[in-house]
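My questions will all concern the structure given below.
Residue numbering begins at 1 within each chain, and the chains themselves are lettered A, B, C, D and E in the order written.
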């Protein structure tokens, strides 16, 4: 038998292993680098380039690239660089949180539906219901009911942020729920779940410890796609008056506003478009890497 | 590799002395490229197979039995697998050098393969009949109707009752034993010269296993093909094989006629293996013998004996060189520096070479 | 010659949902309907009433209008025919009036028939309308595209509750206009052909017409100006730069004309604070804590440079204005004092009103309260630009501004349950555009009386959304209602306009918005008319060869 | 299987009733008023009268039951009438749109052709290009083709259709003048010329939508193929001496298509839902555009009926997806 | 062994586990898969009862039903005086530490995303309030006990060989000091040389900790090695139960005889000489077992009575239980007409 006196390490935080594996995934590293650059640009950028994104300068309308305005100005003379940075902050935080919420809801509902037989029928019918609900009236209703109470308790921006995030999250979890449910149904029959049951693990810990970690990979895919749609949906929401105050830039809105003028000022369309695509791509690759890294079977190889 | 005649045996009764081997493998090396580096799964394996012969292959899990056989007809996924060197002569054709089309022509009519796991080796969405007809239509040039007739015959042959009906069923509608028989039928479809059976009965229980063993004996008599039978179960080998090949750590540890090897094992691994198995008959030991330790991790081609860490008769030469196979009896060779008859290191050319090199 | 010029294609960014103006209040429906259905009289591009199916315009002089202003008599041109060949008689207008005034019908143009006691046919060619009270402006019923004449025979079974079940009739009405419908696809396309019985045998020049709906203003303009797929695009309100860009393609041209549509900022005279209990918010109970002060309102107006707004948002299709009633000429006040921006003056005014920046954060305050306003409007690219610019100007004079946008269907929807309607006005200032129908501003100015303020008791349905309340103004409204003399009416109206704008700054007009439409270079005869349907003279359109 | 279908269909009835009630209540509660379009100049009393005429003053449950009756009793009878020339529904009120005062079902029927034509063929094209791309990128995983595929589908997914649509219009309608920018719904295909005209006007909207659909489906296809390429039965197929083409396109594809086909089936209701933005950009005026118009106009009967039909399709296609799974995968049998 | 000195630890009486087969629109129950059908036996403290039989005959189901991982249809299971099947959920959870299970497939029964330490530690998390350090100490202790290097604590299951994985499963089962362990084919998935390691380990642990095993396997030679008494199952029922030596030396049920004869010997000479009883046909479906004796469809010695009457499970010799008409006829003789109607 093996030596028991050999030196040994105490259990090490498994996130180190994850990171070690993650580092070996080239795409993921590139993705992470780009993502970090984007985040840094958004967070640190405004310190270096401290022009207010909402500052209207009517003498400098529709300017091209210049020293004063590296990315030019828009039709009201607002600095596009500053707007891109401010917009990124909003878009990314909305995208990430809304995606987080959608994933949370979808996963919860999917897991409950998959794990508890009795809940499956009602929950899946509810999923159908949400898929069928007309989005626009639902969103408008949400604004009507919650805009004021929320902005009262969290300030106008915080309140609207919450509202947007909930609105997007609450209307985009269905796909995830469906996928997760399918996976859970299969996982439930696996023997290690039975093994945990023989130990007396109660249902909630069973789900947290044994089911959830094993449905990470489809969740990760949904998450990647979720960010993209959340960023786009946010811009759609502002056309319902549900978005942030109208002078508040977001990537989605910058893109939409510029589309009409695409012939005159193509760069104004390209910039936010590229920003969104880059974010989505980098998140996608990070997701790929993370999925591999989180799977100890792949990690060990 | 020494080409010695194998003693004639009663079983099968189709031994052909001095016959040309149908399959001749020389110095086969297969590696896997993985993130953690290369895995040398098969190292310089050489063996041959004569027409009508049943070669048993035993060895611990992971010793490279399946990989060796799959390398022969290029069935390993590549990447990560890579056949580094070696020569596989079949019917005058080097299977490692021929074109994919030539290789495809060999698979099926030349070499039939029964895979380890009958549960997953059949395509779940096609009927058994379809899967049986496929090679018939492709290789035997049959029409669909002809193939259907032949498929029914094949199922009858492997002893599935009500064959005509069952052709329309899907694999999941068969029990494990029946699926394994279907796999055998597929492998036999084109009357292969060589049949490679990779642990065809491991997943089955004894009564079903007994049925299949009977079937194979039967078929061999009827069709006269050469068979490679991979298994862990020494009992099975004892029952059906003419010759046995013991693999360890990607190499052949010992090879020889079944009775010879079982009676006078010349490799410590074979010896240990034979001792671990309890029996349903005879004396019952108080404690089972075990082979202590772990099989080697094949990160590189071994430069020393791969079994040395678990060997009871290890001595310094074992750490220095990897023993080559050398004859220890008629048609019997082993890769070990220890002489069990003398209970001392060998004294012949093999050890001298190693001691110098 | 009729039908010689082939096909004309018209693009409406909003799709047409019915041809019957009485069942829809959408401009697009009314205008496209006007190709088929005609009123007795219409307006020309100058806002003058012109005869269509009648011999002349009634007046007191020619006896068409009674001395007491309680009745008006129309004389139908002899020989008028419906498109199915039957004669047009006085019966038809009478039927039309009854059709709309039927309480179960849900007539969308009921306002045009307000105050009518009865409509009768004196003979086959004479119609007389009697009013309950004297009507200084009797050109409501049967005048303009909003009150066209339906054929009694066709709609006989479509009165009252049946109005909405007559799909075939509503989509393919028989009319007297230059065209008749051949195929109608709801909210999509209307296909028309020349009316064989049109009164002028040489018109219309086009044999067929197609009206397509959908898309947005930019796309519509593009289809005429750049790709040339369409001959005419309705309401192509796009940014001036884009206008220039599209015009450069050389396929068509923009036409514009000014009417009474004014983009304005409305000041809330009551307190919209969410801290107030529901039911008291934005009601007369609580005057606005900041905007109740005239000096603040005036300062806010002074900080705005209207010309810049026009340049950015409308270009040729707009002009700065200080008036609520910018047209017609006789009702437009000469007031221009707001046209020059005066930032310093605005600051001084705020100082004077006691709003000073005591803590140096750039925002004025008074008694510990910040000068902070919520500024709402509907979702619309130009409005959002305006919001941003005006916010900047107001920031410059030390006012903090929070912007808010609302979906137009909610904002203008008037749903008492929603907090975001213009009527509820749960904001400090709001911006939108409004106009009045026809040429008479009386009903429009009459909206600003005290009792018309929306409040919980009238389910927030009033039109005086500023909650402006001045007894002197209410007096003037009464006076105007009783005045028949045109010059007197004009001075009164100008005065009232000034009371709302330059005297009180309750309404802060910004831009007099014209109509902007586009037509291809090969389409001739287009004259844009803001007083009536844009397609008012489609019978005169022709192909330039 | 039949039993299963029947059971699911039976369950679908209460489900749909509940869904319809929820939708109705949602539309009731949502802000907006069918009279929102009425000019601000119209006095409130007049508006009140118009409201009564629309039946809006009745309590919500009365209107809900009225709608139920019209939808499930009158409309089917009307359908029977038009099909067989009977007069069952004579004199009964059908579901009428507030906006156009036309029976809602007639409008929907009028619009289905163009929606199916454009959105449907876009879906078809999307699937047709997604499947081979998915197969190839899985078969050559991590090759340049696979990486390019990933890149394009990710970009395709993250760039909204309002952007791609306008870009196409500028390029192909404005600059090159190859295709019209406005879709003509009245075009009837009678001869070769009108057929090419129909094709030409479909090219751009179909491209935009197909790109978007393909981006998603190809991802599913790829991962499904990857799952199956490593299976043991693939090795068996190769061991039989089958060509790579047969191995991949028959054995692996058939297995990989099972999950993908169900995903595709689940996407079909979206076709009937229309592609709101694309229809708008190209003025296709299909069901999606009608829905958005009706929502903006607060045309409750229209929105209600459209969403309900949509819900029915979703429930139905959920069932179809499950059934397809059972049919394609012999291992799954519904008792 | 069934000597009276040992107290029974586990008593199983009339255990039935039917899986319902439902059909129809309203999912009406139309039948049962009789995976375990009326099984009774006793296990004494410190002994090992082997349970053998072919695949699908209900061995695993039986083991799982005893531990109440399934809710059995009927029967009584008493473990150390406590009724397992009647206990409410909370009590059952409290009972879990006393009865544990080692699973058939060591790969499948370990969560691939948990480290060895957390897998072994899971029962400790659930049932004890040890501190982190204490827990770690206990985990190491267990790893030592089953012969796993402490260094492996951070590894994941896939990084181990089958035998090592099974050791992890055993360590997990031992974590709470159980009295009784169901070993559900713990060696079936392992390679011969490793099988011996695991079996030795189980034996060692039994000696040092006084464990009681229900050892499920279809490997008859291993069962012979480890079990004290052996029960043979066929299609949901126990057909023969006797002490090991009796069963292997003189099997009396035709199925047991066939089973034993089918086991191959690793001795070429003996192998060629051996007489096998080759059974014909496949095992019938447990959803639709044949009438009469379950084995009648494949039995080489089938008699007409077998197709009609179900044989009773009776004690034909001290400690030797059997369900077969052949023997019972001989043993009970003329009394058969009196004995059978009772059943």
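We adopt the following convention: a residue touches a chain if its C-beta (ideal position, glycine included) is under 8 Å from a C-beta of that chain, and two chains touch if they have at least 3 such contacts.
The chain lineup, named per UniProt: A, D = Peptide/nickel transport system permease protein; E = Oligopeptide transport system ATP-binding protein.
Treat the numbers as computed from the prediction; the structure is a model and nothing was measured.
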{"item": "Chain E reached from chain C - shortest hop count over touching chains", "value": "2"}
{"item": "For chain D, the least number of touch steps when starting out from chain A", "value": "1"}
{"item": "Given chain A and chain C, the chains that contact each of them", "value": "D"}
{"item": "Reference chain B; chain at largest CA-centroid distance", "value": "C"}
{"item": "Pair of chains with maximal C-beta contact number", "value": "C-D"}
{"item": "Centroid spacing, where centroids are CA-atom means, of chain A and chain E in whole angstrom", "value": "50"}
{"item": "Rounded Å distance between chain C and chain D, as computed from the means of their C-alpha atoms", "value": "37"}
{"item": "Whole-Å gap separating chain B and chain D, where each centre is the average of the chain's CA atoms", "value": "56"}
{"item": "Geometric centre distance via CA averages, chain B-chain A, whole Å", "value": "52"}
{"item": "Of all residues in chain D, the ones touching two or more other chains", "value": "29, 31-32, 174, 295"}
{"item": "Per-residue multi-chain contacts in chain C, two or more chains", "value": "410, 417-418, 420"}
{"item": "List of chain D residues in touch with chain B within their complex", "value": "230-233, 235-244, 251, 254-255, 258, 328-331"}
{"item": "Chain A - residues contacting chain D, complex", "value": "121, 125, 128-129, 131-134, 136-138, 140-141, 143-144, 178, 221, 225, 228, 231-232, 235, 252, 255-256, 259-260, 262-263, 269, 273, 276-277, 279-281, 284"}
{"item": "Residues on chain E engaged by chain A in the complex (per definition of touch)", "value": "64, 67, 69, 92-93, 96-97, 100-101, 103-105, 108-115, 117-118, 122-123, 126-127, 136, 144, 147-151, 153-154, 156, 158-159, 169, 172"}
{"item": "Chain A-touching residues of chain D, taken from the complex the two chains share", "value": "11, 15, 18-19, 22-23, 26-27, 29-32, 150-151, 154-155, 157-160, 162-163, 166-167, 170, 174, 216, 219, 223, 266, 269, 291-292, 295, 303, 306-308, 310-311, 314-315, 318"}
{"item": "Chain C - residues contacting chain D, complex", "value": "11, 15, 17-18, 23-26, 103-108, 110-111, 114, 161, 163-167, 170-171, 183, 185-189, 191, 210, 212-216, 219, 222-223, 226-227, 229-230, 408-410, 412-415, 417-418, 420-422, 434, 436-437, 443-444, 458, 461-463"}
